[in-house]
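Same chain, two partners: chain A is paired with chain B first, then with chain C.
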Partner chain A sequence: MANIANIDVAGGVVRGVRTVDYVPEDFNRRPPRYYLLWLMLPAILLLAAISLYPLVWLIYMSLHEVQLAPGKSDVWAGIDNFSRLATDKKFLRGWLTLFKYSALCLSVEIGLGVLVAVILNNNRFEKILVTIFLMPMMMAPVIAGFLYMFLYNGTFGWYFWILQSIGLLEGGSILGNKFWAMFAIVATDVWQWTPLIALITLAGLKRVPQDQLEAHMVDGAGPFRNFFSVALPNLYPFLLIAILLRFMDNFRFIDHILIMTGGGPANATKILPTYLFDVSFKFFELGRGAAIAFTLLLLTILLGLVLTIVFEDPTRKLRTQRED
Partner chain B sequence: MASREIVRYRSPLRSALQGLSILFLIFFFVWTVLPLFIMVVSSFKDLLDAFQLPEVGDWGDIGVMFDFKPTGAHYVELFTEKHFGTYLRNSLIASLGSAAVSVSLGSMAAYALSRAEFRGKRDLLFWIISTRMAPVVAVMVPLYVIFRSSGLVGTLPGLILAYTTFNLPFAIWILKGFFDNVPYAIEEAAQCDGCTRWQAFRLIIPLVAPGIGAFIVLCVLFGWNDFLFASIIGSGGAKTLPVATAELVQPVKIQWGMIMAAGVVTTVPMMFLGLLIRRYLVAGLTMGAVRE
Partner chain C sequence: MFSMPKKALYKPISRRKFLELGGGVATALGAGSIAVGMNSVITRRPVYAYSSDEAKWRQYEGSKLVFMSENTPPSFAIRDNIQAFYDLTGIEVEILTDGLPTVQQKVGIDLRSGQADYHLNYVQDKPIGSPFADFYADLNEFSVDDTLPLDPQGYGSDVWFENYLDACGVYYERGPIRAFPYDCAVSCTFYRQDLFEQLTKDFEADYGYRLEFTDETTYKDMVDITEFFGKMHERDSSIPYGYAQHHGSFGWTTQLDIQRHMYAQNQWLDFAVDDTLGSKNPGPTNWGDAQSVKAMEGYKALADVSHPDNLTNGTLELNTVYAAGGVAMQIQYHEFAASVEDAEQSVAAGGKTAYAMGPKGAVEWNTDGGDNVVNATNCGIGGIGINAGASMDLQRAAFIFASWACSHDTQLMVLRGVGGTPTRKSVLDVPEVQEARNRPTTMPNALTFEAVYDKGIRTPNMVLGPKLPKSNEYHEIVRVGTQQCISGELSAQEACESIREELDSIHDV
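This part shows the complex of A and B:
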């Protein structure tokens, strides 16, 4: 941009000098280029075809009584599918159970994961132990479900035997008991995913400024004070990410629940996605299923919003910290 | 930067903590490894041996776990009578296919998203990440109806498309983070030297290649471990390993030996892959938010 300006120089003012505004650009950001659009297009179109198009269908289905038999056409139902949800006890209980399940999973996983990370940090065996601890994460959740079902079995399950031997369990069955079933499922999730929390926390611990720790110790703080007043505040962004991701996965993955209890006994473990699965793919009431799915997607969108905000800012902060 | 070494003095509190932490580590180690160990051991036991347990409270008799004659019968039966070879192939094709589609299209889009600045970019990114977050069951409801009417249910292409619903947004999102870390100056320099834009793009591929490789592996892992899509959309013609495993549960009797063997077959390859991409694992599983 050329401007005309008067500039001060030693000894007076020079009038009518052409100056150029120099705007330094962020070196990684460029003005729009159309070839970038073409690079983006195939992926965006495919993603739209498999996510937006089904979303339109989902809304259509939630307003109809969907007929799967060939030759029958869907019947307009208005908001019936939604209004029926308000009085659907299983639907409301599904939400409650989902939150109860998530709360249990998250609190145990965060507690154990942080403890493991703190102990492992700078431990002699850190590398090898971390490698061993990651193994459960690679397992398909269904297989984990089967494995735990085997361990909980009342006649030949080793975990059942252990629980009996230490006197926690009288007999009967774990997965058939309304009280125990929930904990059994939570334990499976905890077994698989605590290591992830530990790994995230470890990554965070590596970035706790050592000088702060040192200063704190020089001032006479013990290990507990050190953890709670220096390390933990530095860990918050990491824990926040861990909580959000795990919460999201808690209603994304229901494979092990379907295998182990199918939502029973007496709906004690029927978290909302499990209920949705039953409605849509056991009873094939796809219109009602679509309405339930819609409410679930609303929560997803809300979570997505939080995540984009959280990911944007702390990520940048974490990255810059990593570079120094 | 302060040094990493901090002088620690012995105190009763510290020694007690140390002892406790070692105990806890041992507990956590056993808790993590025991189920895996039991799975592997049970897959080599015949049914009678697998059901042996000591008396309640009889801790001394725990060695009964090792008291068996190893047999490979379950594995043989899986691959001869239960056609696990076919399911293994289905699993491979579905997960590799979806990984290939997702990462090839995803890396182009990720590059563009990383380099371009335009109105609505944030909204686009938000759409992409929320697609990835959507619960599989909820996505499957409309997808099932669409696939049914277009004859994709029970076919491998259908399953590949279904897996792409979570792999493609994952690939775009995480690779965008990777391209963000490559300075634009490199491409600029290449273009000064006479490269076309496409050549400049190809030039920085080697810089992100390890990451791209690792995320192909992760996409394969997500597809391989999926059960929900495979059980509904793949049912019939495109049975994958997890679904085939679930079908070993029959009303009359559950074939535990074979289920454990199928578990080993499904899990072991993924564990190796997980070790292979160890460096990228945390970034991959946290959508790039946390790097080690």
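This part shows the complex of A and C:
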């Protein structure tokens, strides 16, 4: 706090000097920066417009029977749209199929992605190989769906021919078989998105401290031990990002499935988002569709949180423990 | 040597300038997309009943319309010849085409939003007409408006083939006409006559009757023939499989396929409703009754001996399989004859394919022991309808196009071109078309006309199928239940009951 005082100095008294009480915390305290709020306001408003508004609208729709015809107003439905879901077999089956599909995609993509990244890391041809390896990712998912649909085709499909030639698919079908159709779609997803996991992991591998690796090797650790004990813990934050991205993608991507099987045969590949698509844009039951979308959103957030906890960076955990 | 230092030309761009440019480009793109979105134009000159024909045709000169259609031959042909319409009327028509499931979604969103971005729609009777009938203008109002250029033949049900106007234009009540028949896809059997002739002795040795396809060939015979071709394929892979059904991912495809099979026995129908009208409250379904279960067992028996990739092929894909020599028989829509007879894309061209009605039902699969079996034929009648959300002038301009697109002359032009499927009776009376029914022909689709127009669409063979507001759910439910049966997940009895349960549920029964 500022004061006005008279101060004794060598030559006499100086009157009316502004003095300040010495409070050390005050010197360290940051001055209020309310203007930052104003600077952020346009971005906040934009974000609210593109994410908050649709969310509110989604909740509104899920509580109504939405009438799209001009002049007709929506009918309040309460929680009817949600309660109907509890007895909707296709909804429940859609969840199960989604979990199966997502788990298959994630486990194969993570395993394969990490393996590819390790192989590519510090490889003599790393740059060119990475460029080639990223190509599937640059393809529109719809195009990838068409490509694989033709490759799996029982009349002229190349993959079909290969699998049949080696005796894996004797007289059968890929996309027309309930068992194989799911794996065929997972394979398409793996082909297209493993490069993303590999790319993120590769970036993580570049950040693994060299001194730790060398120290570990001096202590006699082999490459496997080195990978699991030093590289992998350092990769956790990167893997978390990769898993979160792919997990959320899998929960919303329907492109491959819509093109290749449309959820068939006999709903064997009808994951929840494809059912949501049917309800909303084939049957135009937007209220029920919104209720399905809302449950999908909630569970995606919840599972995202669980994944964040499960894949928490162990080195960070250690640092926190030390600080405590 | 003269040279200029690089730096003299290099002028670094500042961040501010970069942002300005980015903003400018974004604004231009935004403005452009808005301009593209608002692409209908309407201009009008006053006309009267006594005005000349030319004045009536050209009253909306300078206007622009958008027609959203399925990627069928008539739409391609009309798009290729749209200049003729422009020369006649001065109206520009943008024809957008896409696969039927996509058209259904786009049209549905447009109609229900009331925006009327697509003034004219391809009203395929079941997937588009049935759920969205109320959103289409009543064409009766325009059909009697003497300030519009009306078709000299008129638009009454007598000028179209049997049931066509009812199929695509009438929904749930008599009176309003929501669409004019624009094209039609009627099912008939395509089979490899060359292979039938080549293998008949082998077949006769195994099955005791000749390998031929006639109007008396039944679905039970189809099982024999398909099984025979399967066995021959195992011995010699150059011989195709016998048959494949319509499945794939689009519900309507499968529903139509099994509908033919079910109706062939005892003329079984899903609901006790008049199919020419349809119903908003169809009541309890007949699925699950003894006849449906018996017929489903027959359908499964046929599926079991069909092409191994049976469950993956929708209508279009199945035709590709046939054209590639993958199957010896298909029940296909007659518009596909043009592609099958095209030697550049089909091994079944050049007189190898013959056309016949769909197979007859099998008496053995009738549960009442009667002999009520028919050569079941069904169809997709594609109408052309006008978005009721458009302004009255846009609707009137759209009517001029709809009337022209469904006229005798335009249908004949399409038939001469990429292969149309006429809906006006008068087109078949043209001598050139009569001649084209026999090989060699310049109109391959005409080879199917006997099977389709002379026999297939006649009572009692034709089954229109139910028009329901929830048609798309109905198709999907039937598709899934049928595929569950075929894939062995459910028995015929369980599948039919599952379909019944779900259909009754969506209709609040």
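Descriptive notes on the structure:
We adopt the following convention: the second predicted complex is superposed on the first by the 243 of 324 C-alpha atoms of A that agree within 3 Å, B and C clash if a C-alpha of one lies under 4 Å from a C-alpha of the other, contacts with A are read in each partner's own complex, and residues count from 1 in each chain.
One rule holds in what follows: contacts are C-beta pairs under 8 Å (C-beta built on N, C-alpha and C of every residue); 3 or more make two chains touch, one makes a residue touch a chain.
Quick caveat: nothing in here was measured; it's all calculated off a predicted structure.
Legend: residue contacts after superposition of the two complexes on their common chain; A:95 is shown touching neither chain B nor chain C. Of the two partner chains, chain B and chain C are each touched by A:281. Touch criterion met: A:265 reaches chain C, while chain B stays clear of it.
In the superposed model, more residues of chain A are touched by B than by the other of chain B and chain C. Within the superposed three-chain model, A:183 lies out of touch with both chain B and chain C [touch as defined at top]. Using the contact criterion defined above for the overlaid structures, shared-chain residue A:68 touches chain B and also reaches chain C.
By the touch criterion defined above, A:33 reaches chain B but does not reach chain C.
Once the two complexes are laid over each other on the shared chain, residue contacts for A:156 go to chain B and to chain C alike.
Of the two partner chains placed by superposition, only chain B is touched by A:138; chain C is not.
Overlap of the chain B and chain C contact sets on chain A: residues 68, 155-156, 258, 281. Within the complex formed with chain A, the residues of chain C that make contact are 101, 104-105, 108-109, 112-114, 131, 134-135, 247-250, 307-313, 317, 320-321, 324, 326, 389, 470, 472-473, 476, 479-480, 483-484, 486-487, 489.
For chain A in complex with chain B, the residues that touch the partner chain are 27-33, 35-37, 39-40, 42-44, 46-47, 50-51, 53-55, 57-58, 61, 66, 68, 112, 115-116, 119-120, 123, 129, 131-143, 146-148, 150-151, 155-156, 158, 161, 164-165, 191, 195-196, 199-200, 202-204, 206, 209-211, 213-214, 217, 222-223, 238, 241-242, 245, 248, 251-255, 258-259, 273, 276-277, 280-281, 286, 289-290, 292-294, 296-297, 300-301, 303-305, 307-308, 310-311, 314-315, 318-319, 322, 324. Residue ranges on chain A touching chain C, taken from their complex, read 68-70, 153-156, 171-178, 258, 261-268, 278, 281-284.
On chain B, the positions that touch chain A within their shared complex are 1-4, 6, 13-14, 17, 21, 24-25, 28-29, 31-36, 38-39, 42, 50-54, 56-59, 65, 101, 105-106, 108-109, 111-118, 122, 124-126, 128-131, 133-146, 148, 161, 164-165, 168-169, 172, 177, 180, 183-185, 197, 201, 221, 224-228, 232, 241-242, 245-246, 256, 259-260, 262-263, 266-267, 270-271, 273-275, 278, 281-282, 285-292.
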